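Take this structure, written in structure tokens, and hold onto it; I'll ask about it next.
Order of writing sets the labels: A, B, C, D, E and F. Residues in every chain begin at 1.
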Amino acid sequence: MSTHTLALCRQAPYGSALAREGLEAVLAAAAMDQAPDVLFLGDGVFQLTADQAPQEIGQKSLYRNLQALPMFGVERIYVCRQSLADRGISTESIAVPGIEVELVTDPGALLARYQHVLSF
Amino acid sequence: MALHIVNRSPYRSSALRDCLNTMAEGDALLLIEDGVYAASASAQAGAMPAGTYCLGADADARGVSVSDAIARIDDARWVALCVEHTPVVSWF
Amino acid sequence: MKFSLVVYSAPHAGEAAASALRFARAVVDQGHELYRVFFYADGVHHGSALAAPPQDEQDLLTPWQELRQANDVDLVVCIAAAQRRGVLSHSEAERLERPAANLADGFELGGLGQLADATAQSDRVVTFGGQ
Amino acid sequence: MSTHTLALCRQAPYGSALAREGLEAVLAAAAMDQAPDVLFLGDGVFQLTADQAPQEIGQKSLYRNLQALPMFGVERIYVCRQSLADRGISTESIAVPGIEVELVTDPGALLARYQHVLSF
Amino acid sequence: MALHIVNRSPYRSSALRDCLNTMAEGDALLLIEDGVYAASASAQAGAMPAGTYCLGADADARGVSVSDAIARIDDARWVALCVEHTPVVSWF
Amino acid sequence: MKFSLVVYSAPHAGEAAASALRFARAVVDQGHELYRVFFYADGVHHGSALAAPPQDEQDLLTPWQELRQANDVDLVVCIAAAQRRGVLSHSEAERLERPAANLADGFELGGLGQLADATAQSDRVVTFGGQ
């Protein structure tokens, strides 16, 4: 996908398979040296909360998938600041090891930098 | 008294709002799946009515810390709630 | 008490399919009768014998078949909804001139009358919808 | 389903197949002399707007299916008054030939009358 | 300038709200499928930004009378809007 | 201009599948190139050869096959998403020991690399999601 592409992740984890499948698409592209940039917005910011323990509902941790991003060269993610605030999530609580979180106050300006935006 | 079951995120869907606008006095509300975000201590749990329950497995899955005002339940209690209430109404 | 479930969501689309299975197990574990599960809308994909999730992901077919074996639960896939979406028995595949059948063992195709019957026969009906 | 059952229709037509499939379930039950009562609430009230012309999007009119209800003995439907108001729909504009529209101001009290509520 | 495409009902989903909160000055907005309810003359079309379009086929399907402030377009113009804008962003 | 589409929605679930088809036709009708349609998530059900909607409902399989025939469009079904959901080629059905195959003619199974390639090769990528 390359840095001409932004992956826009708006799904909460587990409730929709597209949260996981979006992340898989990002990882697959990154493995081909075409890592897109990634923006978490809306309920997508819930993917970043630690302490996810989905074993009892029969799923694997999506947070673990996120932690694979740096291995594939994705070392920075964009996160919508307003989406966090709307959900009462503190910026401290969304750290992902090995990934720099860049808070975005104007997501529209960020989108404008890309040729392609893939929504997940 | 009815049991209302909501499985959608309150931030993304109107399901919870539609349900709350419809609930009668004394009805019970169960938050499951993405609905548990409404039970989060850090979110809008204060707006939930008395008699609100939250499926513990779904809260744990998402790392949601459930508000003290809301009863965490397991699957067995979910079935019991269905036995105790009629009708059972799903909002999705 | 006698329960029936109605499932609108496909497996592996969201969590509703997994929730329905967990609830179904809890119903029988609590000593209640599970009379029928009616798979409707996208829920008809539950009846596909071809789903092959990776080993480390949840299997949402075998547990239903086991539940049926152990507890005599009707697993009814709406025939009209299934035709649209490509879930066919051998006889339907032949009648509709499609190249293969994919309805899994333990599931039966049935009409919407089976949903009406389930509500008439059951003390509780719980619907599982959404993505 | 019988009158112990209420069909709760909350989907706008066409955007979700469950609008049509819900109505088909109601008609099928009615054909077996087990017609449920029906409540349109939320976006479900959009099913009742006339002038639906979905040919160009490759669908059949859902409004036509509604018009079949009286033939199967469903001669009254419940409609949430607040849902209409929220969407700027006048009560006059939602007539269905042969069907009495009963506006409901307290849908919770209506639900309480039924043993089963099937959500569509 | 981006083209944003919204296909969900404004009453049911946060898609339109999330999109509006994200749109930059000069971006275009296209309402399709259940998104066309936001283009209705009787509804909240007044809140739509300049440069809002609505797919005519989807409005006709639903019997939605499109506000004068919003441009009704056909599928050919939809393609042209995609050609004229970059990126194309779907909200669902 | 070169377009690619990404489709997340199953046919007959909502309107997104029909919208994608209409848009695809309009792209080629306007003289543009449609390079690839990538079916992902529930969109993989597009590749099922078993769907049999009633005569008076829209066929969402043949028109894609015709579009491919006439315009050399790649119709790629994500292999990982398709396995989970039961859309299998003959070789996949054999490898995974499933009783039948259902991948329709004109569709090919492919990896997520084909999505990355589509974004790299195309001037515009439009996603069709939601129910």
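Keep in mind that, in the parts below, contacts are C-beta pairs under 8 Å (C-beta built on N, C-alpha and C of every residue); 3 or more make two chains touch, one makes a residue touch a chain.
Just so it is clear, the model here is predicted, and its values are computed rather than measured.
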item: Numbering shared by both copies at the chain F-chain C contact, with half separating same from different; value: same
item: Of E-F and D-F, pair with higher C-beta contact tally; value: E-F
item: Chain D and chain E, separation of their C-alpha mean positions in angstrom; value: 27
item: Chain C and chain E, separation of their C-alpha mean positions in angstrom; value: 37
item: Centroid spacing, where centroids are CA-atom means, of chain B and chain D in whole angstrom; value: 26
item: Where chain D touches two or more other chains, by residue; value: 14-15, 17, 42-43, 57, 59, 115-116, 119
item: Residue list for chain F, restricted to those that touch at least two other chains; value: 8, 12-15, 19, 22, 41-42, 57, 80, 124-125, 127, 129, 131
item: Interface hub residues of chain B, defined as touching at least two other chains; value: 7-8, 11-12, 14, 33-34, 57-58, 86, 88, 90, 92
item: Set of all touching chain pairs, with the criterion as stated earlier; value: A-B, A-C, A-E, A-F, B-C, B-D, B-E, C-D, C-F, D-E, D-F, E-F
item: Chain F contact footprint on chain E (complex, rising order); value: 5, 7-8, 15, 32-34, 57-58, 75-76, 78-80, 82-83, 86, 88, 90, 92
item: Interface residues, chain E side, partner chain D - complex; value: 7-9, 11-12, 33-34, 37, 40, 42-44, 57-58, 60-64
item: Residues of chain A defined as touching chain E within the complex; value: 6, 8, 10, 41-43, 82, 106-109, 111-112, 114-117, 119
item: Residue ranges of chain E touching chain B (in the complex, touch as defined); value: 11-14
item: Contact set on chain E toward chain A in their complex; value: 1-2, 14, 18, 21-24, 27, 86-92
